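Right after this note come the structures.
Look at the two complexes coming up: chain A is in both, with chain B in one and chain C in the other.
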Partner chain A sequence: MHIPDGLMAPAVSAFGWLIAILFIALSVRLLNRKLDDRQITLMAVLAAGIFVAQMLNFPIGGGTTGHLIGAALASVILGPLAAMLILTVILVIQGLVFGDGGLTALGLNILNMAIIGCLVGWYAYRAFPQRSQTAGILAAAWLSVFASAFACSAELALSYSLSGGAYGISGVIAFPTMLVSHAVIGIGEAIITGGIVAYLAKVSPGMLRLPKLAYLNSEKEAVADA
Partner chain B sequence: MKHDSVDSYSGTSAFSAFDPRAKFIGILVFAVLISFLQDILLLLISASFMLCLLALSGIPARHIAGRYAIAFPFALFAAITMWWTSGEVQATAMFLRITASVLGLILLITTTPFFELLKGLQRLHVPEVMTTLLMFTYRYIFVFSEELARMKIARKAKAYRAGGNFLHRNTMRTVSNTAGMVLVRAYEIGLRVFDSLRMKAYDGRIRTLTELRFASWDYAFCAVLVFMPLLLVCVEWGLIL
Partner chain C sequence: MRELLTRKSVKIFAAIIIIFAVGLVGFYIFSAPYGDGLETTMDEADFAESEPAYEGPLDYGENYIASLAFGIIGFIITLLVVFMLARLLKKNEA
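And now, the complex of A and B:
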């Protein structure tokens, strides 16, 4: 789902960058205030872990495979704002080291997978009561993938209609193909995310009790969790 | 995944000596301007221009093709759907536009070691938290991917075979546990990294012995990367010719 350069209408790419910069700036500001260098290096090493976990393929069916995105997983471990930065870092490395993505499209990729993926994942997870946490994690993972795919389809359709058919992909094609395929991939993401969280709870429960950077103005919660 | 497979030519290519900021700004402006082009001939010129630069860089064609292969399915899928809805002219334009931009990105990443690029980004006022995160993440990706490769060998030795779909319980459990194990190791290493860095007098700030200098040839290289697509955009918009 990495959008390459040249696919989207320039105005849509610019919009993506605008939103991405806004959220990154807010997250960086909060992180600078709340986290010390020790926690930042821990976050970075965890980002590398999630990056490598994304390299593991799981079978979807019919010979196709999918892989973890990890937005909901990162949110559950570190809270949405830190997760957003982790996913952003992963997307930047995928673009600037491996050529997966692009420079003008990076804003939209960050918006779809890092911002929307993490926020939807986090709030879906928090919407479930403590006793049905597993259901919350499954729902969070599925919704985060589906919401990212929905945003991507909307951007493709918007690019297409804004440019009179020169950019993007027509909504008639983009929405059904993206949403149906990601509704299925999302099930794999949910199962794997649920499996990973269950594994962590058993093997390294401390990881699930890390401070969660959540709300911009809810300083009490971030401190209390810490 | 080995580290030298990624940065294999970035230190030795003809363009490696240019300041990373010159390359980053040049390629960014190139990608932005190319995204405005819709004329097939102009897009063909821009893609050929990038191919010429890649040829001059001395990066082996096979390495470039390997990088391009990652983006090719996206470009092809976008072009096919475009052909269906908007006709072959728009489809060709879409394919060439994505190709030209991807070639630009390949030029940037294959001729610039990532740490140099980070240093450049830092000098371009990208927040320090971001560059620190990028640096450490990049450093540990290779550590964990080698770990993952070992785990894959271990599970193969135990006769593991992936099932056909995601309802196959054992497969999904094995994949989850493998990913979980990578994360646990990342967490344990992450807790210790800072202490070992502290021992080496790390105070959250990265200092390097080499300093970046934006010399006149850097301005010239950046100008070439900006001027060419700018000219093409002016032609497309009827400002010249």
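And now, the complex of A and C:
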């Protein structure tokens, strides 16, 4: 779902940059001086793992493929603030080093996959009670992909409307095509995310008990999560 | 940097790279010729992709060996950048 250059209207791309900068700046501010050595190592390893996982597209039928985004996975393990930061770094490296995703569209890619993906993944996961944690993880993974795809569809439709068809894609095509394919890709995301979290819970449960910092939980709650 | 080079971390890196190397075989068998959901949507709308405003110095490779090598390079770059960035946000030792 990496948006290339030239697809979105300049105003929509600029909006993406603005929102991305605001959220990332706020995340950095809230994380500042709160990470410990275990979280730092886990962030680095998880980010590198998500980077290579994003290279492994899987077929979903109809000549279309999808890949793990990893936003819900990172949020469930690290909390949304650290997750947003690592997804942002992955997207920046993909754009700057590997030319994957346009540079002008990088703000929108951060908004869709890092910000919306992580926040929807985290709050969907938190909405489930502790005893339904597995269902929460699966739902969070699927919803994070679907919400990212919905945002991307809306940006395509808005670009199309604002530019009179010079940019973007009509909502009549964008919404059904994007949402149907990503509803299926989301199932793959849920299976992979659920599998990884279940494996970590078995071999290294301590990894899942590290403090998780979020926008709406206080420092006390974050520590209680540990 | 020492935290990244413990025996446990190195084992995890090796496991991720092995899973990636195996998964890449599946990618080249089943997925390589096809686009993702957004590319399918662009095809459906007959939207021709324009020249990128910027091209990165590397790509993901066109064959298994190149993709494996570039994947490992990306893995190392991401690992180090996130590690260094997170170190800047480290908790103050009391």
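One rule holds for everything that comes next: the second predicted complex is superposed on the first by the 202 of 226 C-alpha atoms of A that agree within 3 Å, B and C clash if a C-alpha of one lies under 4 Å from a C-alpha of the other, contacts with A are read in each partner's own complex, and residues count from 1 in each chain.
The rule is simple: contacts are C-beta pairs under 8 Å (C-beta built on N, C-alpha and C of every residue); 3 or more make two chains touch, one makes a residue touch a chain.
For clarity, every value in this text was computed on a predicted model and none was experimentally measured.
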Task: For A:199, select first, second, both or neither according to whether it touches chain B, chain C, the two together, or no partner.
output: first
First, second, both or neither for A:85, with chain B first and chain C second: both
Next on the checklist: Applying the document's definition of touch, where does A:152 land relative to chain B and chain C: first, second, both, or neither?
Outcome noted: second
_Looking at A:169, would you say it contacts chain B, chain C, both, or neither? Reply first, second, both or neither._
both
A:59 contacts which: chain B (first), chain C (second), both, neither?
-> both
**Asked** Which holds for A:178: it touches chain B only (first), chain C only (second), both, or neither?
**Response** second
Going through chain A, the residues touched by chain B and also by chain C turn out to be 2-7, 28, 31-32, 37, 40-41, 43-45, 47-49, 51-53, 55-60, 62, 66, 85-86, 89-90, 93, 95-100, 102-104, 169-170, 173-174
In the complex, chain C touches chain A at residues 3-4, 9, 12-13, 16-17, 20, 23-24, 26-27, 30-32, 34-38, 40-42, 44-45, 47, 49-60, 67, 70-71, 74-83, 85-87, 89-92
Contacts from chain A onto chain C in the complex sit at residues 1-7, 28, 31-37, 39-41, 43-45, 47-49, 51-53, 55-60, 62-67, 82, 85-86, 89-90, 93-100, 102-104, 149, 152, 156, 169-170, 173-174, 177-178, 181-182, 185
In their shared complex, chain A is touched by residues of chain B numbered 1, 6, 27-28, 31-32, 34-36, 38, 67, 70-71, 74-75, 78, 81-82, 84-86, 90, 93-94, 97-102, 104-106, 108-109, 114, 117, 127, 129-130, 132-141, 143-145, 147-148, 162-166, 168, 171-173, 175-191, 193-194, 197, 202-204
Within the complex, chain B is touched by chain A residues 2-8, 10, 13, 24-25, 28, 31-32, 37-38, 40-53, 55-62, 66, 68, 85-86, 88-90, 92-93, 95-100, 102-104, 160, 165-167, 169-170, 172-174, 187-188, 191-192, 194-196, 198-200, 203-204, 206-207
